[in-house]
Structures are given as structure tokens and as C-alpha cells.
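One chain, chain A, appears in both complexes that follow, with chain B as partner in the first and chain C in the second.
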Partner chain A sequence: MIDTYVPNGSSFAGDIDHVILVITAITGFWFFLAEAVLFYLIIKYGEQEGVRAKYVAGEDPKEKRWVAWPHYITLLFDIYIIFAAISVWQDVKQTMPQADETVRVIAQQWAWTFVHPGADGKLDTPDDIRVVDELHVVKGKTYHFELQSRDVLHSFSIPIFRLKQDIIPGRTVRGWFKPTLTGGYDIQCTEICGIGHGIMPARIIVETPEDHAAWVLALTPTQAAITPSEQPTQLGGMP
Partner chain B sequence: MSSTATDTAHGDGHGHDAHAPSGWDDPHGHGGHGAHDAHGHAEPHWLIKYFWSTDHKIIGMQYLFTGMFMALIGGFAVYVFRMQLAFPGMSVPFYGRVTATDYNALVTTHGSVMIFWVAMPVLIAALGNYLIPLMIGCDDMVFPRLNRLSYQLFLISAIVLIYSFFVDGGAFGGAWTAYPPLSAKAEYNLTPTGAPLWLFAVALEFAAFLLGGINFVTTVMNSRAKGMKMFDVPIVVWMIIIASILFMASVGPLIAGAVMLMFDQTIGTGFFDPNKGGDPVLWQHLFWFFGHPEVYVVLLPAMGIVAEVITTFSRKKLFAYKSVLYTAVGTGGLSFFVWAHHQFIAGIDPRMANIFSVTTLLISIPVAEMVFVYIATLFGGSIRLTTPMLWALAFIAEFLLGGVTGIFLGASGADIYFHDTYFVIAHFHYTFFPIAFIASFAALTYWFPKMFGRYMNDTWGKVHFWISIISFNCIFIPLFLLGARGDHRRIYDYTHFPDLMKSGMQDLRILATLSLVVLLVTQVIFLVNFFYSMVKGKKAEQNPWKANTLEWQCPSPPPHGNFPDGLPTVHRGPYEFSHPDRQEDYWPQNAS
Partner chain C sequence: MHRMTSFLLLALALSACRPEGAKKTLPGNELYAACISCHGTDGQGQEKIAAPAIAGLPQWYVEAQLVKFRSGVRGAHPDDYEGLRMRPMSRQMMDEGEVKAVAEYVSKMAPKKQAPTAASSGGDAAAGAAAYGTCTACHGADGKGNQALNAPPIAGQYDWYLVSQLHKFKKGIRGTNPKDVTGAQMRPMSMTLADDQAIKNVVAHIATLSK
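Showing the complex of A and B:
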């Protein structure tokens, strides 16, 4: 349903879409049923000359069941939705599958800095690739992300991944994703962060392993120029 | 709380017992209390009468007109920022070019004004003040001067908020939720004066409603007409009482939070500053611990209004009165345990989302119950589609969509995607617009003959109704779609986001904006009808709708003191319509 308009680009996007579909089906059914009953009653019991309204207190269990039964069924559906929603929530937010690589996302008023681990696959080494407003990842790899903020609250949102997580200054908030679709897509800041909140777009570039390796290689020499002594080990570490 | 009430009662010099409301020494209520003491029976100066009155009806009107005026401000704000969204960069007629700073300030103002200065004053303060003494059959509130103070504080809060637009740096632009650190530091929000003023206005407004709430609860507990038992109290009065209790119980943490935030802003403390050992997320807990019950604080009175209107115009007894009452109490109680659904992805412990998901979905049960009960009330009725009835039925029809879309957001797994998108905006406008506007229009058109002794024009009322309802849906259905397609909130120009400028998305934004303009312009019909009818409308009798509750058993408009023939005695419940033992299809509560 959602993927008609927003492509489904991560390993868990389909699960979230499925929960949304389930809720749409259930609530849609109830919504239209309730509206139908409402309009039916309005038309059926419109004022008529000489017809007096019924006197119904609604306290008798026989009368009350007209309200009670829809009610029990609502509860049943609620429970079903809760289980569906929580199971997805646990996969996305409560478990961290083994990572192939970790990226660091640093948000500030009003830009993103993405720290890629570079050729050695590790953060906080001299070959880290820091890019503003562009995150490069490889399709099919599992990523952990570390979110940090330099000033106020921001929120890291990638609609095609169905991923969203607030960033809190003073903490490192962690999470994961696994891209399944190549291409360039929007990254949004979804928590109001001041007057530049609307001009804080970034892009995520999901690449094939080959393209990504080329990108890493292209950016590594500039890094290496700063720290030449590290260069051989890094290149050796390339797959 | 009871001790506070008693103390204040003595302090105010109003001794009273269960059967004797304030001013009891003079059953006609003239010169019984407050400012009227000095004037005796003489007609007070109009300034005193309308601006320094302790009469609950005048105070209700003061709240109503202030609320209507603030709605114009909130409406103008939304007009400006929606124009910017539909036509980015254009010079908006009657405003000019909208900068990012303006945009944020307008969004913040729209949100805070519509909730704190429109929904609360109109639904609770205006209707509570106007209706409670009339519907429970007494001559005034038990603390009339506290009541006057409540309005005066409220008025000051509104003035402070409006003033904050004209200070250096402009009005606060950190959203109505005011999350720190953005709201806490001028270097982040760039509104060094606007932000503290906003917070001050909100805190004053809360103080005003605390005074009002104490008054409402004490009045209903102590001043009911002789014979009016708890289950004879009309649902709308019950709903306002439950809402007042919810408000008073939930606002404490927020006021504490507001004081801490104001210290952070002005004297550099670090309650919410991580660099000084504070925690920004703490504010979110304090805010939403209030913020979610607040939703029900405004919802319940709206539900109450609908109950009054649909029973009267379907000539039916309310289906399962006690169930409605118990579910309202249940909803209120449960509403204290759902707040963190606003924070699923805010960085709270993810396990907490599971608990709050469960409580949030469970609250759909009592709310659905109320809607089912109202639909069931229509069964077997004799339905008259008057203007107030159309509004009441529209409330049910529209609120249903607001209710079911809440499930998407309460379900943690789905909320990951929908959080902070236009889907959320559309969802809460499908709840808040029915609450703050549809129910208010139902109430105003229903009680107008009582308030002013005249009818509003029914034809123009229906024209206003239909155009408003259609344009309302044309605003927010597009916003559901935009939210589902990824539009995130509080963005002043989507052209920076290639994925959000795909085919048709800008068209949806334009459709929403144009529908909004239609909705806003349509309100002129209402305002003209309202003010014209106030002076020139057809004269209304005492009980034009043939309703049962006590407010219809006194003159229209009610004089000072309300019941010139002595306070009524109650013999039955409020919804005895079409009773088989009676010739007429209604049976006033006080008829013998």
C-alpha cells in the first residue's frame, strides 16, 4: 500500500507496510460499517408525522448487547493489532542483528555529517570518510548507526527504509538498517530544530558493492594525504 | 482538593451547604455577591456589568468571545503558512513573504492558540461557566470572584501571547510542544524574548483554568438543585467535571516543567541541558503526561455537547446513561497511562513502547463505546435535522475517522513510519476539528436561543455547515495521503526534498490549501449570522427545542440569578423524551 508511492527499501520496510495494511483493513472495515449504520439510522428514523420515538433506556442487557458485542470484537481486533505491531517493533527497535559496518550520523543546526568507516570498515580510524548531507551505503549489508547531536533534538528519518529515530544531544542513540534497493533517496530531519529545520535535507545513496568500493577509493586518497603513514594498511584492508 | 475548596469558600465569605448555592440569602440572586454588593438592585454601569462581572453567564460570554477572537488569530496563522506550503516563496496576500522564522512562529502559534486559547476556553470555560449553574439549577458558581479572576488571568495570558509577536526576535517558533534544548536556549531558537513570553502565557492560562476547574467541581458537588441526584446530572455537565478533574490532576507536572524550562531560558539552569547534567527527554515526559489527558480534557465536553443535542433532536432517551458516564471516567483514568505514545521514537527505552502501545490501543475501547452509544441512541428516534443536530451528527461521523487513524499511530510498529508526518497532523485534526469546531458549532447553534433569546438563521446555518464540512474533509484527506507518502511536519518548503516533489504531491498540498481558504472564508457566514441574529434574530421562547434540562426552564436569556421564580426542584433524569406515560414527547426535569 505505502510502497505504491514510497519504495520499499530496507529489510524491515515490508514488515512495517504489512502492519499498516493489517490496521487499514481492520479499521477500514469498522469505519465504513459504523458510518453505514450511522447514516442508515439517520435516514430510517427521520421525523415522520404521527410517529413517536421509542422509549429505550439502554440499561437492559438485551438492549446493551447491541453496543457490547461490537465492543468485544473491537477488543479482539485491538489485541491482534497489538501483537502485529509489537512483533515488528521488536525486530526494528529492540534487537540489533550483527552489523557488517557501522556509520555515525552527526546532526546539528542545520546539516548532517555522515561518518563512514572507510576502507578498513572501522570508525574512528584515520581513513574515516566524513561527508556532509550524503550517506553512502551498500545494498544488502547490515548497518548499525550511531546518532549524535551537537545542539538540539533532531530526528533521523529515511522514508524508504520506514526508519525514524530521534537524536538527543548528550547521548549516542543506536539502531540498525539493511538496505535492499539501490539508488538515491531523501533523508529527513523530522524533529523541529529551529529556523533551518525545513532546509536540512540529505540524501542516502545505496550502491552496489562495486560502486561503493569505487566511491570509497575515490575519497580515500584525500584522507590519506592527511595521514600518509596509515595508507598501506588501509589499502591492504580493501576487499 | 476538598480542603482547598472549603478554605476558599470561607475566605470568599460564601457559606453554603448542599442545598444552598452562593447568594442563597436572596433567592432572586440580585446583589447576592461580588461586585454587585455595592450596587444593590440598581443596574450597574455597562463597563462593570460586562468587564467586572461575577455573573457566570457574563464570564462564560467573556471566555466565548475571547476564544472566538483567538480563533481568528489561529485561523489567520494557518492561512499564511498553508499558502506558503502550496505556493512556496509567494508573497501571501495580507501578509507578504513568509520567511522560515515566520513559518515556525506561525505554526507554533496556530497549535498553541487553537488548543489553549480556543478549544479550552470555548469548550470548558465558556460552556462550563454558562451551562453548569443553569443545568444544575442554581443561581451562580460557588466562587464567583474566583471565576472573575480566572477570566482575567486568561485575558492577560492571551494578551501576553499576542504581545510576544511584537518583541525583538519575534514570537516563539519551537512548536507548541516546546521541546528543549531548542526551546531552552535563545542561541538555538533565536527568540530570546518570544520563548519565555510564550511559556509565561501558557503558565498563566493554566492557572486560569485551575481556578475554573476548582469552581466547576465544587459547584456541581454542592449546588445542585433540590432533588437532583448524581445520575440526574446532564452528561455535558458530567463531562466538564471529569475533564476539569483530569486537567487539574495532569497539569501539575507540566507547570513544574514549565518553571524549570523558564529557569533554563532565563537564568541558565540546566534541567533539560545535557551539558549540565540535565535531560531533554524529561520535558517530553512532563509535557505529554499533561498533553495526553489534555486531549480528553477537550474531547469529553465535546462528547457531552453531542449527547445533549442528539437526544433532544432525536427525541430519545440517551442510550445507557450510566455506561456513558463510566466509560468517560474510564477514558479519563486510562488517559494518564498513554502519554509515551508520543515518544515511541524519541529515544526512550524501546521496551516502554510495548506497554504504551497496549494502553493506547485499549483506550480505543471506551472511546468506541461512547460513539456506539450515540449511534444506538438514534435507533427508533424521531430525528430532526436542525443545524445543531447536523453538527452533532457530523461530529460522530468525522470523529470516527480521527479515532480509527489513531490506531495506526498507537501501534508502535506502524508509528515508526507515520511518526512526525502529515498523517499525524491529519489524524489529530480529525479529532481536534470535530472537538474544537464541530462540537462548538453544535453547542453555539443549540444554546444560542438561550444565550441571547433569539434564533440564528437556520438556512444560513445549514449553508455554513455544508461548506465547512466539505472543505474540512478536502483539507485533511489530502494530508493523510501526503503523510503516507512521507511528508514530514513543520517544513516550510518541500522543494528541497526531491522525493517529496514527485507527481501529484504538490497538487495535494494546493488542494488542501485552497480548501482551507474556503473553510476560513465560510466562517464569515457564521460570524455574520451569529452577530446579526444576536440583535435582529427571531425572538425565541423559553424552551424552543422542547428539551428537558433545567437551562430551558428559565427565561431566554436568563436574568441575573437565573431562575426568577425560585430555584427548581428536580424529579427525574435529563433525557426523559417520548416517555410512554406522557402526552408530550418531553418531560422537563423539574416538571411535577
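Showing the complex of A and C:
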């Protein structure tokens, strides 16, 4: 349902959509039910000639159950939501499946630099490919990512992956994803990071292995010659 | 359901559009609002966020740099921390007309000679004067620049900015984009300065030039 508007482009996007829909359905059901009861009571017990309003404290069990029963049922639903969410949290955030490749994402006010491992598949080697505002990955490969910030808090978000992860200056925050759709999609910062926060978009290009190999080949010689790989020590302030 | 949601989203998007009559180039002073937080209301910049003084720079130069930033010819190198910040800001100028308007506004701001800072301390202005001989061909002996050669004025600019740009040219952080023709001219010139001391020397000399 959500993927009608934002495609479902990672191995765990469907699980996250499911949690979102479960929560929406449960809270939506209670919202509409509560509003219906509220308006029913407002209309039924509106101002009446000769009837004086009275303060109801809810001490009478017959009155209290209007609050107590929905409360108990809500708690049951909460337990269901917690179980559903914990299972997804465990799979997406607590488990790191074996990576086929690792990419480094360096955020700054107001741009993204993506460090790709190049043909050797390893970061911090001379053939690393550093590209501003464009992350190239292969469909079906499992990626680990290392998030770093040059200045302030940022947040790495790829809506089609249902991925959102804060980036904290001075730390390397790790996570993973596995793209399942080819094409170009948005990357955005989802932590207000200064005056240019709204204008620091980037793109993720999910390619076939052949297209990605051609891209790596096209960029490796130039990048390796002109911009040798930087070590993580570059971080932590203005160069 | 989907059709209804799409309709509502479309209605919301349309309501955010500027009316037809508002599609005009904003005047330079209004456009400059996007620049104030870094370059200041007076265009004098500030060192702590590496924003250079831009007040009084020639319109052609400001325009050329904005075009470069907007198109990613300048400020798109992964190591150009400050340039990467300027690039999205330049894109707040929505078209060529707005670039021209803000550049004209900046060019009419009152320039000011910036005082030397720690960036050029220890620089030998006399030694720098000799090294500056290479620069005179384009920037002129007085450092006032030459539009015919696409050389901007450098006299009066902050010393820390000149030092940082010379480092960027030397390291290939600036002037290496294939479309940056004028940057490609400057880069080999920066390479004539052998080391950090040579850069400090020449910047110390530039600081002696009157605005």
C-alpha cells in the first residue's frame, strides 16, 4: 500500500511498511472510534431544557469502564505492536548480515560525499572512488555503511529503503541495506543541520552488476590519480 | 482511495506554487538575504565560518563564480569543505537573471580592506613581493585584477581566504574540474609557490597592497 507512493526498494522495506501499517490501523481504529463516541455523547447529552450539567468524576464503575476497558484493550494492542516492532528492529538494526561491500557516507553542511571501495572491494585503498552527492550500489548486494559527519548532526535517509539513521560527529555509525530495485532514488538529510539543510539532496543509483562495473572502471583511474583516498582522520572539523 | 489521496496531494502541491504574477526575478537586495548568514549584511564575510569578503567584488567575477558553484564546476570536490557549503547556497539563485541581480548588488556594496590575521603571520612580505611577480601578469602589480584575463581583485581580501584558496589550487581541490577553464589557468600558477612559507610570504605581500 505504501509502495504505491514510495517504492519498496530494500530487503527490509516491506517489514517496516508492515509495522507502520499495523500501527496506523490500530491507532486509526481507536481514533475514529473515540471520536465517534465523543460526538455521539456530545449530541446526545447536549444542552437540554431544565437539565443542569453535573461533574462526573468517573468513580462509579459503570462510568469508569468507558475509560478502563479501552485502556486494557489498548495495552493488549501495545504489546502486539511491541512484539511486531522488536522483531523488525532486531532484523534491521541489531543484526548485521555479512556484507558484500562497505561504503562510507560522509555528511557535512550541506553535501554528501560517498566513498566507494573501487574495483578491489576494499575501503581506504588508492582505488577508492569518492563522489559528491551520488552513491552507486548494485542491486541484490548486501552493503554495510559507515556514517561520518564533518561538522554537526545529520541523518542519512533513503526513503525507498525505509532507511533513516542519525550521523553523530566524532563517531562512525554503522548499518546495512540490500537494494532490491534498480534506478535512481532520493537520499535526504532528515536532521535539521543548518540553513542549507533543505537543499542538500543526493541520489542513490542502484545498478546491475554490469553497469556498476562499467561505472567503477570509468571512474577509477581518474579518481585514483587525482584524489587519493583520505583516511578517517580527516574528520572532526574544517580541513 | 488512491485516487482521492493523489488528488489531495496534487491540490496541496498546487497551493504551494507561486502565482503566475510572482514568477519574476527578485531584486538583488532580496536575493542577498540568502547570503547574509555567512557573508554578513555588509558583505565582509567572517573567518570563523570561512566566508570571504565579497563586498565590492566586480559583478563579472561574482557572476562567474556563482555560475561555477551552481553547476558544480567549483565547490564540488570531496575535500572542498567550504565550497561544498557554498554550492547549495548558490542554487538559491533560481536562474541566470537572479545570479546577475545578486552579483550586481554585491558589486555595489562598499568594499573594505581586511586586516591581516594569524593566517599570514610569519610571512615575509619582501620575499613575497618577488614571488608575486608571477601574479602580476593577471592580477596586476596593484592586485586589482583584470577582467580581460578573468583575474579577480585580490588586494584587500582576507589573508586566510587567499591562503586557503592557494592551498586548494595546489592540492587540486580547486581548478581541476574539466570545465573550470579559468581555475585551470590559476592552478599551475599556484604550483610556483613551493611550500606553506612561500604562500604566507606572497599573501603577506598582497596584504600590503591598498584596496
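In this text, the second predicted complex is superposed on the first by the 212 of 239 C-alpha atoms of A that agree within 3 Å, B and C clash if a C-alpha of one lies under 4 Å from a C-alpha of the other, contacts with A are read in each partner's own complex, and residues count from 1 in each chain.
In the analysis below, a contact is a pair of C-beta atoms (placed from the backbone, for glycine too) under 8 Å apart; a residue touches a chain by one contact, two chains touch by 3 or more.
This structure is a prediction, so every number in the text was calculated from the model and none was measured.
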item	value
More chain A residues in contact [chain B versus chain C]	B
Which of chain B and chain C A:192 touches, first, second, both or neither	first
Partner chain(s) touched by A:172 [first = chain B, second = chain C, both, neither]	neither
Chain B versus chain C as contact partner of A:208, first or second or both or neither	neither
Chain B versus chain C as contact partner of A:164, first or second or both or neither	first
Touching partner for A:109 - first (chain B), second (chain C), both, neither	both
Which of chain B and chain C A:150 touches, first, second, both or neither	second
Partner chain(s) touched by A:132 [first = chain B, second = chain C, both, neither]	second
Interface residues of chain A shared between complexes with chain B and chain C	5, 109, 195-196, 199
Residue ranges of chain A touching chain B (in the complex, touch as defined)	1-2, 5-6, 15-16, 19-20, 23-24, 26-28, 30-31, 34-35, 37-39, 41-42, 45-48, 51-59, 63-64, 66-67, 70-71, 74-75, 78, 81-82, 84-90, 92-94, 109, 151-153, 155, 157, 159-160, 162-171, 173, 185-186, 188-199, 201
Touching residues (chain side chain B, partner chain A) in the complex	99-101, 103-104, 173-175, 179-182, 188-190, 274-275, 279-281, 314-323, 345-347, 350-351, 353-354, 357-358, 361-362, 364-365, 368-369, 371-373, 375-385, 393, 396-397, 400-401, 404-405, 407-408, 411-414, 416-421, 484-486, 488-493, 496-500, 502, 577-580, 585
Contact footprint of chain C on chain A as seen in their complex	4-5, 106, 108-111, 113, 130-133, 150, 195-196, 199-200, 226-227, 230, 234, 238-239
Of chain C, residues touching chain A in the complex	2, 5, 37, 50, 72, 76-79, 81-82, 84-85, 87-89, 91-92, 172, 176
